[in-house]
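Look for chain A in each of the two complexes below; its partner is chain B in the first and chain C in the second.
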Partner chain A sequence: MASEKRVVFKSGWLPWALLAPQAVVIAVFFFWPAAQALLQSLQQSDAFGTSVEWVGLENFRNLWNDPTYLASFKTTAIFSVLVAVLGLALSLMLAIFADRVIKGAAFYKTLLIWPYAVAPAVAGVLWLFMFAPGMGIVSYALGAAGFEWNHLLNGTHAMTLIVMAAVWKQISYNFLFFLAGLQSIPKSLIEAAAIDGARPWRRFWTMQLPLLSPTTFFLLVINIVYAFFDTFAIVDAATKGGPGKDTSILVYKVYYDGFKAMDLGGSAAQSVVLMVIVVALTVVQFRFVEKKVNYQ
Partner chain B sequence: MKSVSLALGAATLTAAFALPAFAQTEIQWWHSMTAVNGEWVNDLAKEFNAKQTQYKIVPTYKGSYDESMTAAVAAFRAGNAPHILQVFEVGTATMMASKGAIVPVGKVMKDAGEKFDPSAYVSAVAGYYTALNGQMLSFPFNSSTTVFYYNKDAFKAAGLDPEKAPATWPEVTLAAAKLKASGHKCPISLAWQGWTQLESFSAWHNVEFATKGNGLGGLDARMKINSPLHVRHIENLANMAKQGLFVYKGRANVPEASFISGECAMMTTSSGFYGNVKKNAKFAYGIAPLPYYPDAPGAPQNTVIGGASLWVMSGKKPEEYKGIAAFFTYLSSPEVQSASHKRTGYLPITTAAYQLTEQSGFYKENPGTDVAVNQMIRKTTDKSRGIRLGNYVQIRTIEDEELEQVWGGKKTAKEALDSIVQRGNELLERFEKANKS
Partner chain C sequence: MVERRPALDFLAHAVLIIGVLIVAFPVYITFVASTHTSQEIVQTPMPLLPGAHLFENYRDALLGTGHGMGSNAAVGRMMFVSLVTALLITVGKIAISLLSAFAMVYFRFRFRMVFFWAIFVTLMLPVEVRIAPTYKVVADLGMLNTFAGLTVPLIASATATFLFRQFFLTVPDELVEAARIDGAGPMRFFKDMLLPLSATSIAALFVIQFIYGWNQYLWPLLVTTDESMYPVVIGIKRMISGGDAQNEWNLVMATAMLAMIPPALVVMLMQKWFVKGLVDTEK
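The block that comes next holds the complex of A and B.
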């Protein structure tokens, strides 16, 4: 260890100067808005901001006193877990198949990456069209098969619809990372296992999956954040949070209260709550889940 | 001192050069009208600009009603709001409460010395946009109300009289049952369910939607829509939903497509739907007044206003306000209003415009177009003048959420209406608190 070469900056200001651009970007685009949200969560004002009043924690108290807000934590948990688990499982499966394909691999891969280029709102509308009760292709086919699809009044159907749209939208991203991960596993390892008599299934569970764990962990964090923050457009386009509040996830309410109802104080308070949850989740993931991750 | 006088001199010079020939004052007008109605707005501006040279109205489409309002809020905070902003009726209370951001239309007209008579307007329209002190706050522009549409071909096929629309809810139920028996999958659906089945329903039956004259009388209004008549109506609709007579097709105006396609035979929605039906429906259709309960005292009264009005934003130059006033005077003329009414299906908002339209024989040539007008030009009561509540956008959503649970069989009518009242009142209390001054 002693022979390790260490590079040390002699000047006191140079490292700071080199860090400055990045620090400025983070400050302007992350800390500044976050601080704004924090400030606004303590205020109430009319829509145009002509009269601003400091109300302390009242916006937060209003949230705790709203049973529908508390209920949407459960909705969000169900939605996020479904999106993350299904999204990861399906894309891992696709990546494994794509990894084994020899002919026309580029073609399959390109097709699988396409959905990522679709905007969330468009994804929501696409799925909505397919499942529109009475009119959509899929709901029509389901009806013909004796299954009555109606996400307008059935909460489970509505949840299924937005989970499908959200998963579909994110599959490409996960797929890319899984595929890259799979391809970076040395072929010789797999071949050695095969010679030792391990069948594909066993090779997957005992070798590929553990070796993929850094990728899986990274994607888990990304997918949870995606489900929490980036899905409001899908909800807005497909269900508007309905029926009732059955698909009203936390971030959709933030968007709705802030941009549609123009209750900036209430919306800011919800963003702060959301921020705290995601920070907490990320900490948990890094402290506990990451211990099981094998970085080699 | 020298620099001051120099600057002054320079300013006078520029003013002297700039003013005479090209001093056309530009007035920005943000609106939310698309397609046919967007062309209408552009034509209004073009015509006004051609009539005089002093002012130039520049209409800009800024997205749907809620989008353009959000855009205006952002622009106002950044110091470059438009001069005129079109705001939908549910945003009215919010605009009224934002005193620093707007200038009352009454004041704009008075300061500019334009003749402006609020009593020329249909009272249900003018009353809605007028403050407690009698000052008109915004300029009524495109107003609509709720009416009943039905598919005459479907009525004929079901053995119903296509020339006689069901006038009462019991008759609607009977017609729906016949339609269903004749194989119709969706006898009736309801667009804008909160607006048509709770708000307009209340005014139409002369029952309170909220206290304080439905909110027109002050910010301390509270909701009252869990009355026996409301419960009875929602229960009735829930039963129809259970029997497949009423089919839920979604929030806002989403259900309208199922009327145009012929899937649903009857529908309650905005009178502004007329243009779309006229252009796209491949069947004979009829327009009729909203159904009512014949045993409810005072029904039918009048229905409530929808649509939007024009708000004047604060912080502009006196010259610009003069231009706005001149433009509003132009828009108020009976000729312009009557032409707009015929073109768009929106209500004629002055009595003179209505009379002019009637004289032209338009209603005779286009049967059904006078239904909305007749529902609106009646003498209003304290319970029917209109509904103006704070946080109304959210209250509409609450109405949607709770009604969906009734149609889905998860809540009884009473439970859902109680819940709307309770959740709505919390929002009203919050709005009152945030806007006290």
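The block that comes next holds the complex of A and C.
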């Protein structure tokens, strides 16, 4: 595909007028605030903004020396790995079986894709309600089976809760892409393997899974981005980062330090670290994910 | 199907049905809870079949006539705020992206590539990484607790711009030449040729962006402090006040159902556009 048009219109002012709305919005609400974040990360100010002084990289040094920040990194790493791996594994399993079913595949698809539409905050509330200690239906069932569930006191339980809610919401997305990937594998390949005596299990490991690897890698990046940035609402609704700081992922900590603890410099430095992470993930996505699912 | 394996087919259906049931279970529980009184819900175990209070719970939620310890704002108003916000974000994103993609593809001008990269870089600046300074900008502009504050900062869209750019590049040049010969100017060409040709892309983006707008959480949480400007997703959160038993969970759950229904309907009824939108926006 050409990346340029041969035939274009000529006008001195029209393209500028057309670009103006987008340009104004990104300048005012993206670049200016991002520059402010960079600036603030090098400053120290009190909560009312009455005194500001330059501190260079001290905010960053404080972050590296802050055990709660390093703990938040660890929490985020555990959380995103769990969400990505569990989400991918479960949706791949559903997609493999949906690909096999001929009658009713569209029906199952319709019944599996709608959680995508549920707001993360609502997903958090739904799972919180099922697992609420003392009244939730699942925590009651667990209690009856002899397992004491309390995510308000137990950090592992709280982490499990937000992982379940996050995976639940993301399954539909992964499922759609896996199913599309599976359906674009030529049937003749699978049939040839079957004639050669490869059973379904073997065909999955030696053919379908390797052919799906571009899709899987693409979804891995998307899921990590999702776990890093789109799960704020789940955490805020279900656990508020607690108990203690056990589920305080990086994005939640930026919000908490900036708006609740009023540590502007520290919060800005955290924003800059997050920006670096997003840039890295975006580079990975565009550098390596280009050639996905185009093997039909 | 490659071969007949009845046992495997049975397993496939079994796994899919279990999957569908597990995925649906939280919503079923929510629905059941929204049809009982708050006393019935807090006794353990809570009932697993729908109760008789569906109508009054939804009425109390929509009108804000409940008696919970948390916020009792009317959900009807919140639904309206959510709808307006989602539509403004969707229409705004599509409109400014169409215009900027048109400018970048069909014109040559200085700094064209600067604009291209500036829009691209916004992909790397999600709200989450610049919340405090963006909040300050919106506050300084006096846009807190307004529809403008809820929507304008979110309507820049690199994905939509690049989607339309990619599409415009596939439109045959002969159309431009034909339009020129017929004496049509650029805006006439845009309106009468490009817009109708882009209809499917617009529909696909509409579904994705509507869900995005409806489900916003962090941004409205910051810029709305006034109950009358809460979107419904924020409203649910504010109805829950700490302790578990004081909450009117029946009304919270009715509100959750109301918050889920519009985007879920959009996804299920416009499934074809939804899938196209998901695939297109990730290119």
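Here is the rule we go by: the second predicted complex is superposed on the first by the 221 of 296 C-alpha atoms of A that agree within 3 Å, B and C clash if a C-alpha of one lies under 4 Å from a C-alpha of the other, contacts with A are read in each partner's own complex, and residues count from 1 in each chain.
Here, contacts are C-beta pairs under 8 Å (C-beta built on N, C-alpha and C of every residue); 3 or more make two chains touch, one makes a residue touch a chain.
Everything numeric here is computed off the predicted structure, so don't read it as measured data.
In the superposed model, A:Gly134 makes contact with both chain B and chain C. In the superposition on chain A, A:Lys240 makes contact with chain B only, not with chain C. Residue contacts after overlaying the shared chain place A:Leu70 against neither chain B nor chain C. Of the two partner chains, chain B is the only one that A:Ser45 touches; chain C does not reach it.
When chain A is checked against chain B and against chain C, the one touching more of its residues turns out to be C. After overlaying the two complexes on the shared chain, residue contacts for A:Leu57 are found with neither chain B nor chain C. When the shared chain is aligned, no partner comes close enough to touch A:Val81: not chain B, not chain C.
When both complexes are overlaid on chain A, the residue A:Leu153 reaches chain B alone and has no touch with chain C. Of the two partner chains, chain C is the only one touched by A:Pro15; chain B is not.
On chain A, the surface touched by chain B in one complex and the surface touched by chain C in the other have residues 133-134, 259 in common. Of all residues in chain B, those touching chain A in their complex are 66, 69-70, 73, 76-77, 94-95, 97-101, 185-186, 248-251, 258, 263, 391, 393-394, 397, 400-402, 404-405, 407-408, 410, 423, 426, 430, 433-435, 437. Interface residues of chain C, counted against chain A in their complex, comprise 1-3, 5, 8-9, 11-13, 15-16, 19-20, 23-24, 26-27, 29-30, 33, 41-42, 44-46, 48, 95-97, 99-100, 102-109, 112, 115, 118-119, 122-126, 128-138, 152-153, 155-156, 161, 166, 169-170, 173, 176-177, 185-187, 189, 211, 214-215, 217-218, 221-222, 233-234, 236-237, 240, 244-245, 249, 252-253, 256, 259-260, 263-264, 266-268, 271, 274-275, 278-279, 282.
Partner chain B is touched in their complex by these residues of chain A: 44-51, 53, 62, 65-66, 68, 133-134, 152-155, 240-245, 256-257, 259-263, 265. Considering their complex, residues 1-3, 5-12, 14-16, 18-19, 21-23, 25-26, 28-34, 36-37, 40, 90, 93-94, 97-98, 100-102, 104, 108, 110-123, 125-127, 129-130, 132-135, 137, 140-141, 168, 171-173, 176-177, 180, 187, 190-191, 194, 200, 218, 222, 229, 232-233, 236-237, 251, 254-255, 258-259, 264, 267-268, 271, 274-275, 278-279, 282 of chain A touch chain C.
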